[in-house]
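Two complexes come next, and they have one chain in common, chain A, joined by chain B in the first and chain C in the second.
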Partner chain A sequence: MKITQNDALVYRLIASGSILAVFLIIPFVVGNYLTQVILFGLITAYLCGAWNISAGYGGLVSFGHAGFIGIGAYATTIPLVYYGLPGWLGMLLGGAISAVFGYGLSWAICRFDVKGFYFAVSTILFAEILMSIAARSRYLGRGMGVPLPAVANAFNFQFLGVIPYYYMALVLACCMILITHQIERSRLGWYLRATRQSEDASSALGIDVTMVKVVALTLSAFLTGVGGGVYVLALRYCSPYDVFGIMFSTTLMLGTLLGGRGTVYGPIIGTAILTVVKEVLTFTAEALGGVSSFALVLVGWGIILCFVAKFLPNGMGPWIWNRVAKKIAV
Partner chain B sequence: MALLEMQNVRKRFGGLIAVDGMNILVEEGKIYGLIGPNGAGKTTLFNIASGFYKPDAGEIIFGGERVTDLGSHERCARGLARTFQIPKMFPEMSVLDNVMIGALSRTKAVEAARRDAEEIVEFLGMTGKKDALAGSLRVHELKRLEIAKALATKPKLLLLDEPMAGMNVVEQGRLISVLKRVHDAGTTLLVVEHVMHAVVNLCEHVTVMNSGQKIVEGGTREVLANEEVIRIYLGEEDKC
Partner chain C sequence: MGAIYGVLGMGFTIVYGIVDLPLFTHGVFALWGMYLLLILVQYSGVGPYPGFLLLFAVAYIFGILLYKTLLRYILDVEHEMQLVFCLGLLIALANLALIMFGPTSLLLSIQWLERVVFLGEVSLKTAMIVGAAVSVLFIICMELFFRRTETGKAIRACADNRRGAMIIGLNVDRMYTIAIGISLVCSAVAGLAFAPLVPVYPDLGFEYAVLACLVAVLGGAGDMKGALVAGFIMGLVLSVQQMFYDLTLARLILYAVMLGLLMFRPTGILGKGKSFAK
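Here is the complex of A and B:
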C-alpha cells in the first residue's frame, strides 16, 4: 500500500498526537506508583536524549555523563535547601555550571587529542572525582547526601504530589524530541554525523572539528544538568552515589544504544524497554522471594544489551522503523 | 597570478628530514604535477600544503594570504581543498550526503546544499549511485566521490593525492577525463602522482622531488626527458 509524502506527514502527526494524548492522561488512569515509574522513565529518556546529542550523533561516547547530572542535582538542591533558591532557577544554574564543565572538558580533549577509549576513561574519572568530592564534603551532605523538604511551593517547583513532577518530566521529554529533531536537520547535525564518521575527511571539507565537539559536549552538558535538577526535585533526595553514580551513566548509554543512537526517538524507545524490563524483573524478584531485584535487573539488561549488540547494532528504533516503512512503502 | 606559494618549507620527523627547503609556485588555471620516487617527501609536502602538518620552517601563501598557521578547515574555507590517497569518506552516509558535507561549507541552508551536491554528483557522473551508501562503493567510485566532496567546497585549488592509485588502466583513463573537466570548469589542480601516463596526459607543469628537495621543474615533456630524473627513477646504468 503506497502512500504519499503528505499522507505520511499526516499519519506521523496523528501518531504523535495520540501518543502525547495518552501520556497526558496517564496520571489520571493509572495509580501513583506507576505514574512515578513513568515519571522517572521520562526523565531518564530526556537524559538519554541529552547523551545522544554528543555521543549518538557526535561520537563523543562519554561514560561519565552522571557527572553533569550530579552537578545539576547539587546546584538545584544546595541553594534550595540552604538559601531557598527556587527549583527552576536551580535547574538553570545546574545547567549553566554543567555547561562550563562540559566546555572545559571538550576543550581539554581537543587540546590534548584525547579520543575513543581514553576519552571514555577520562569521563569516568570526571564523574568519580566529583562523586568523591561530594561524598566527603560536609557542606554537600557527605555520603548521606541532602534530602529535599516535602513542602508545597509551586514557585519553587516543590510539590507534594507526584503529578506535577510527572508533567514537568513530560515537558522535558517533549522538549528533547524537539531539540534533537532540530539539531538533526540543521547544519550542526550534519557536521556532528560527519565528525563522528571521519574527523580527517570532515576537516578537509571545512569543518572545524574542535568547534563541533565543543558545541556538542557543552550543549549536552547543559541539558543533562537541567535534567539532574528535575530528577532530584522529583525524587526529593540528592545522594552523591546516585546522581554521580556509574549506574546512572550506564543507564543513559544503555537506553540510547538500545533504542538507536543518533536518532530522535531512539532514547525514548530504549528507555521504555529498559523501564518495562526493570519493573517486570523487580516484580518477579520480589515474588520469588530470595532474589535480589537489583541483580536480576542487571542480568536482564545485560542480556538485552548482548542481544542488541549482536543482532541490532543500530538499535531497536531503526529496526522497527525499517519494518514499518517496508509495510507502508513510503 | 600565483595561487599557491610554498617558500623554503622544511619538515623533519625526528632524525629524518622529509622536506628540505622546498619552493613551489602554482599559478592559477594550470594543472601541476608533483612527482618523485617513494619516500621523496611528496605526501609530506602535500599534507603541509593542505594544513594537515605544520612545517618546521617556511611559509605557505595562498591567494596572496599567509596561511602557514591556519588549519585544514580554514584553508578549505579559503578555497584550498584536497583529496586523500586512501579515500576518507563517511561510510554510513549516502554518496549524495557525503557530497553535501562539502557543500555545507559554502552554505548553511541544508536544502541549498543538497541542490549544489546534486549538481556536483551529476557533473561527476554519479547520479545513478547517489543514494548508495559510501561504505558499499568500489575503489574507482570512491575516488570519484573523493573528488566530488572536495569540489563541493568550491575550491580555487584542488590538491589530489595519487588519484590514480588502485585502479586499472581503463578506470584511470576515465578519471583523467573527469579531472580535465574539473580543470576546464575553472579549478587549478596540483596532482601528486606515480602513474606516468596520467602525469603526461594531465599536467602541463611538473616538479620532481627527491629526498625532500626539488630536483628540477618545468614543462612535463622536458622534465621527463631530463637525465637526472630518469636516473632517480630507474637507477644508475650499469657499466659492464
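Here is the complex of A and C:
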C-alpha cells in the first residue's frame, strides 16, 4: 500500500494526539514527585525550544540565555511580591523586557560583527552582569533571592498544587512546537537556515542578515523571558544564582543539541533524555551517599556535551530518524 | 596579581593562537592545580619544592594526554561545537572537583609565605611577591622558548601557516601536543601562584575561566604579549577597585567594561590578536 500525503497527515495527527493524551492524563496516574519532574522537564523543553530558534536555526549559539530567563523570572516575581500584579502580566512583562534586551544584544553583535568565541564570551558576560546586578541590588533581594508567597489565587497564576503548573507548562511546550513548526516553514525559517550555513552567501542573495539575526534573537528572548516567569511561579523561589546561572544556559544548550538543533522535536527529545539521565544520576548519588547529586548530574551533563559535540552534532533526533528510515527502506 | 592573571590568560592564548581551539577551560585546570598542590604539600608530605616540580610535570603530562585522547579529535568539528565541547569539559571537571574535594574552601598555608613585607608604605604578603615573581619568570622563559629554541620556532611556524609547516616537514601534531602541554603548565603556574593567596573552592574554576577569557580578549586572542599586558591591567583594575568597592561590584564593572571593549576593539589592546575567528 502506498502512503499518500493525506494518510501521512492522518497518521501524524493520530500520533501527536495520542502523545498529547498521554501527557494530559500523566498527573493523575503518576505521583506528585514524578509530575513535578515532568513539569520542570516541560518548562525546560519549552526554553530549549526558545534557544533552538536563535541557535538551532539561526546559528547564534548563545551561552547566556540564562540572562533572559532571569529577566523573566524577576519581572514576574518583583511585581507580584511587591505590588500584587498578576503573574500572567508579569510573564508578559518579563517577555517584553527580555525582548528589549535581546534586541539590544543582537543589534550590538550585528553592529560590531561579533561571532564565534567572541559571541560566546559576550553572551556569558551578559548573563553574568545581570546576575551580579541582581545579587547586589537590595530591591531584587540580593544573593538570597526572593521567595514567592504560597497562596492560591488563580487570577494571579498562583496555585498550591503542582497540577495547574503542569498544564501551564504543557500548553507552553505545545505552543513552542507550533511556533517552531510555523517558523520552520515560513520565510524567516529559510532565511535563518541560510544565514547559519553561510552569512556571505545569504547576504549576496539579498537576505538582510542583520534583520534575520535581530528578529531571531529578539523572538527567542521574548519566549525565554515568558518561560522564566512560569519557571519561577512553579518553583516559588527566585534566586539570582539559579535563574541567571551558567548551568541554566548549559541546560538549554544541552537539551537542544542532544535532541537535534534546528528541528521541531529536537528540544523535546533532548530534554526527555536529559530528564531521565538527571533522575538516574540523582538516585545514584543518593545511593552512593555523601556525593552531591547536583555535582554528579553536572559531571554527567558535561560528558554528554563533549560527546554530542564530537559524535552527534546534529543530535539524537535525526540520528534515530535516519536509522528508522533505513529500516523502512530495507 | 596582574602577572598571575597574565599567565592564566597566556595559557588560553597559546592554545587559541597556535592550535586554533577556543579552549577556555584553563580556569578549571588552574583549580585542579591548586587542589593537587594542596594534596601534595599539605597532606602527603612531599614538601613544597618537590611538590611544585611534580605539579608542573603532572600538568604537562595531563596536557599531552588531553590532546592525544580528546582535543585532537575535535580540531576538525565546527567552531560552535568546539565551544560546546570546551564548555562540557569545563563543567565536568569543575564538578568533579566538587565531588572529590567538597564545597568547603581550603587554604594552603606555607609558613614563610604568610609573612608580610613592607615596601615603603605598602604592605605585601610574601606570597604575592613570590607569585608575581614566579609568573614573570615563567613568562620570560616562555618568551625565550618561543623566540629562541628550535621547537619554539617550529610551533610558531605551525601557528602562522599550518599547511606550510606540514610541507616543510614539521610534525604539526607533535607541535600541537607540546603547545597544549605548555599551556597546561601555564595554568599550573597560575594555580600555584594563586593557591597561597585565596581560599580554594570549586566555583573558583568558573570564575578563573571567565577571567582567563577576559584577559585573552583584552590582550587580543592569540597575542601573548597582549595577554601579559592585559593581565597586568586586569590585576591593577581589580585591586584598585577592591579598595573602593566590594568584590562583586568590582567584577560587575569589569565585566561591563569588557563587554564594551569586546564589541569595539576585538583585536585587543595591542591590536595584534586574531579578530573574529571563522
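Points worth noting:
We adopt the following convention: the second predicted complex is superposed on the first by the 322 of 330 C-alpha atoms of A that agree within 3 Å, B and C clash if a C-alpha of one lies under 4 Å from a C-alpha of the other, contacts with A are read in each partner's own complex, and residues count from 1 in each chain.
What we mean here is this: a residue touches a chain if its C-beta (ideal position, glycine included) is under 8 Å from a C-beta of that chain, and two chains touch if they have at least 3 such contacts.
Since the model is a prediction, treat every value here as computed from it, not as a measurement.
Contact with chain B, but none with chain C, is seen for A:S186 once the two complexes are overlaid on the shared chain. With both complexes superposed, C is the one of chain B and chain C in contact with more chain A residues. Once the two complexes are overlaid on the shared chain, A:A194 sits against chain B while remaining clear of chain C.
In the superposition on chain A, contact of A:A204 is made with chain B only, not with chain C. Touch criterion not met for A:I78: it reaches neither chain B nor chain C.
Touch criterion not met for A:V215: it reaches neither chain B nor chain C. Using the contact criterion defined above for the overlaid structures, shared-chain residue A:L47 touches neither chain B nor chain C, since it reaches no partner. Of the residues of chain A, not a single one touches chain B in one of the two structures and chain C in the other. Within the complex, the chain B residues that touch chain A are 50, 52, 71-74, 76-77, 81-84, 88-93, 97, 100-102, 104-105, 108, 110, 113, 149-150, 152-153. By the touch criterion stated above, chain A contacts chain C in their complex at residues 59, 61, 63, 108-109, 111-118, 120-122, 124-126, 128-129, 132-133, 135-136, 246-247, 250, 253, 257, 291-292, 294-296, 298-299, 301-310, 313.
Listing the residues of chain C that touch chain A in their complex gives 16, 22, 24, 70, 73-74, 77-85, 87-96, 98-99, 103, 202, 206, 210, 213-214, 217, 221, 248-249, 251-252, 255-256, 258-259, 262-264, 266, 276-278. Per the touch definition, chain A reaches chain B in the complex via residues 185-187, 190-191, 193-194, 197-198, 200-209.
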